[in-house]
């Protein structure tokens, strides 16, 4: 797997906190998805969230995103605390995400999917768009150029005009990432970006994630099941089990945590 | 008070008839997830079949007994509806299995047009009579309490009773028979039902046939009231708000929805209508449903739609 | 062989994003438009204009409007007829009540009123989805059916319930006679088709399609569902309203509310589905198909009858029309649910290879 700079170097450990999750509790009817979860994310780090299936990891991301509203708790982003945000507000604050089950716009091609990520930055009104003159035309070309950079970065040039529904799964995942990158986020939430991939695809995806983190200085919050990926590339790890936090620290610390071990391997009775 | 109660009772009874048509929608939607716009056309088709068979059989077979004619006509019309159900399943449904809702909706719309045309080609396009012996005269209830009594249409009363009986029978069918259980399983999850060996195609034929039966009964009653003519097909449009109000998947919902819409329509027409120029019946049900949906987007008894990402 | 992109390199993104990036397509469209402007008037007779061409143009316009709502934004609407009616009656009122109102302005104002109605009846779409929304849109249909029948102000207190317009003129040139009406409608259609195409390939179009395909993901990338849905209703209703005004003013001349009833709504929905959801070109295909079909049947069926020595009366023709109509819809949905536009693009793909097999 890809190598990563030593996580405990001073510049990473000393970064300020960009995202703070405070005592989040979430339930659906009688089901408690998350119970009193608190952790923070430092700027420019790669923070992994791991845990067995059903632990509430996606729900956690959905809370950060504003898709779910937690019954209790709040999220602090760059010093401002919110107990409830709309997905658009979160997007405007510079948080983007990918989805476990893709959630691509199947009716559009690759370019349009990634261009849709630019929508917050496209300002021309309906009339200008209808006439396609002046600012509207310029905007389309400018943002297309930016999207092309992303397409180059993700190495999917050959599939630009293909409807995303026709792409193989691994490439669809790249388009999902591309759409999130198009938002130029400061925090990127990745929900199992390597799920369902073979070894080569995973290496490519790791490479992309690391480059995004290093070149664009994007903070990354990553849900992942593949332990070798988590241990290799993440700076710190949060472990969830049955909606509760059972571990928080560097990969090595977490690896030795007895609660984490029993959660994954089960306890003998 | 008197007029109010009269209107109320009239509304309850017409509501029962709406429920009858709505039931057909709910049945098919419950079992196959298809919103069958053609239900109205099925009512017309069934009614046409029954009306014409009741005319043709005595002439063909040379007897005079009205009851016998009606019974034979009913059986024959039922057989026709089963055939229609089978054909629809074979030619339309099975070919559109994995398509989205709007495609299936449009397909049933196409079936509507086809049945309308076909029915009139086979059976003729004039106004025909169905006479199943429902008394047409009015009766007056509670004439001790209210002066002159409350005017209640006997025909409507009989119709409401028949409709209620049918609804109870269908509910029992769903709850207590193995076929009914199979139908509910299919409604819940097609693939799971298939995996335990429930024959999907046969189930759908059964469902559409039962819906055809409901259409026949509805057609018989409406046809007896209004005469069998093309506008019967439009009865479906009156039943749609009922279906939606009750929630697409609920049999009790269809009944309650029917009663609410029936009463609401009549009351609003009598008491609010004159202020607005009359004729508000055509949109009252729909606007009422619109407001209910704004509060409860899944109708009164429907299942809540949860989007998972 | 003929239909190849070889050698057509784009040197700017604007060039790559144009409506018809392939030169052969561009030439084809220009020829088609030229034919429509010059060729058709030379070849068509009055009957063709009145019975086929003018209705086709106006219904294509309405189909474009409906396609934006249903095909691009994914909101089912069964009440299109009502919005055509709003456009027609509003335009009528502006035209007869305001002295010296130019026809074009009246028609556009009709569109604006239809926009307002569309936005109001589009508000439910913020809460209601799918089939429930479809039935909610019927509320608009029946409400306006009733309003234009019973509220006398809308019909300028006409005793018969019908309204009529006459003496249409554009900058002093009279619009009467089939040719004038044809050009009038053609102008509207060309302009609006271009505007619509620009919208759907711009970022509002992508917002609409995102809402259609996956609205939760759309909100996460910052799309506001309210704005996306209501703008779709607004734009769609505007176009449909203008089409309605044209239908009343130019095609019918005088009309009553039944001209815009639920059958019209279904007809437009069929056009959009058979033509192809989410395709401007598909709207034209669908309108052509549905406009031509009844005429085709009324010509072919008696002829067929004569072959077999059977006289086919008008009633039977009407019934057969229903059967063929319904049957064809089902056939299309089974064979190509994405409509004629998909068949067209499949055909073009084959043309790119021709005469080679692959």
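Think of it as A, B and C in the order they're written, each chain with its own count starting at 1.
Assume contacts are C-beta pairs under 8 Å (C-beta built on N, C-alpha and C of every residue); 3 or more make two chains touch, one makes a residue touch a chain.
Quick caveat, the model's predicted, so the values are computed rather than measured.
*Asks:* Give the chain pair that accounts for the most C-beta pairs in contact.
*Replies:* Contact tally peaks for the chain pair B-C.
*Asks:* State the chain with the largest centre-to-centre distance from chain A, centres being mean CA positions.
*Replies:* B
*Asks:* Please report how many Å separate the Cα centroid of chain A from that of chain B, as a whole number.
*Replies:* Roughly 50 Å separates the two chain centres.
*Asks:* For chain A versus chain C, what separation do you get between their C-alpha means, in angstrom?
*Replies:* Here chain A and chain C have centroids separated by 42 Å.
*Asks:* Rounded to a whole Å, what is the gap between the Cα centroids of chain B and chain C?
*Replies:* So the centroids are 33 Å from each other.
*Asks:* Check each residue of chain C and list the ones that touch at least two other chains.
*Replies:* Where chain C meets two or more other chains at a single residue, that happens at 216-217.
*Asks:* Where does chain A touch two or more other chains at once, residue-wise?
*Replies:* In chain A, residues 67, 99, 103 touch at least two other chains, as defined above.
*Asks:* Enumerate the residues of chain B that touch no fewer than two other chains.
*Replies:* 309
*Asks:* Which of the residues in chain C end up touching chain A in this complex?
*Replies:* 12-14, 16-17, 195-196, 198-199, 202-204, 206-207, 209-210, 212-214, 216-224, 231, 235, 278
*Asks:* Can you list the chain A residues touching chain C in their complex?
*Replies:* Touching chain C from chain A are residues 65-67, 86-88, 90-92, 96-97, 99, 103-108, 112, 115-120, 122, 124, 126, 129-132, 136-137, 139-141, 144-145, 148, 179-180, 183.
*Asks:* Can you tell me which positions in chain B touch chain C when the two form their complex?
*Replies:* It comes out as residues 35, 91-92, 95-96, 99, 101-103, 105-107, 109-118, 120-121, 125, 237, 240-241, 243-244, 248, 276-280, 282-283, 286-287, 289-290, 293-294, 297-299, 305, 307, 309.
*Asks:* Please give the residue numbers of chain C that touch chain B in the complex, ascending.
*Replies:* Interface residues on the chain C side: 70, 76, 124, 127-132, 134-136, 138-139, 142-143, 145-146, 149-151, 215-217, 262, 266, 269-270, 273, 315-316, 318-330, 333-334, 337.
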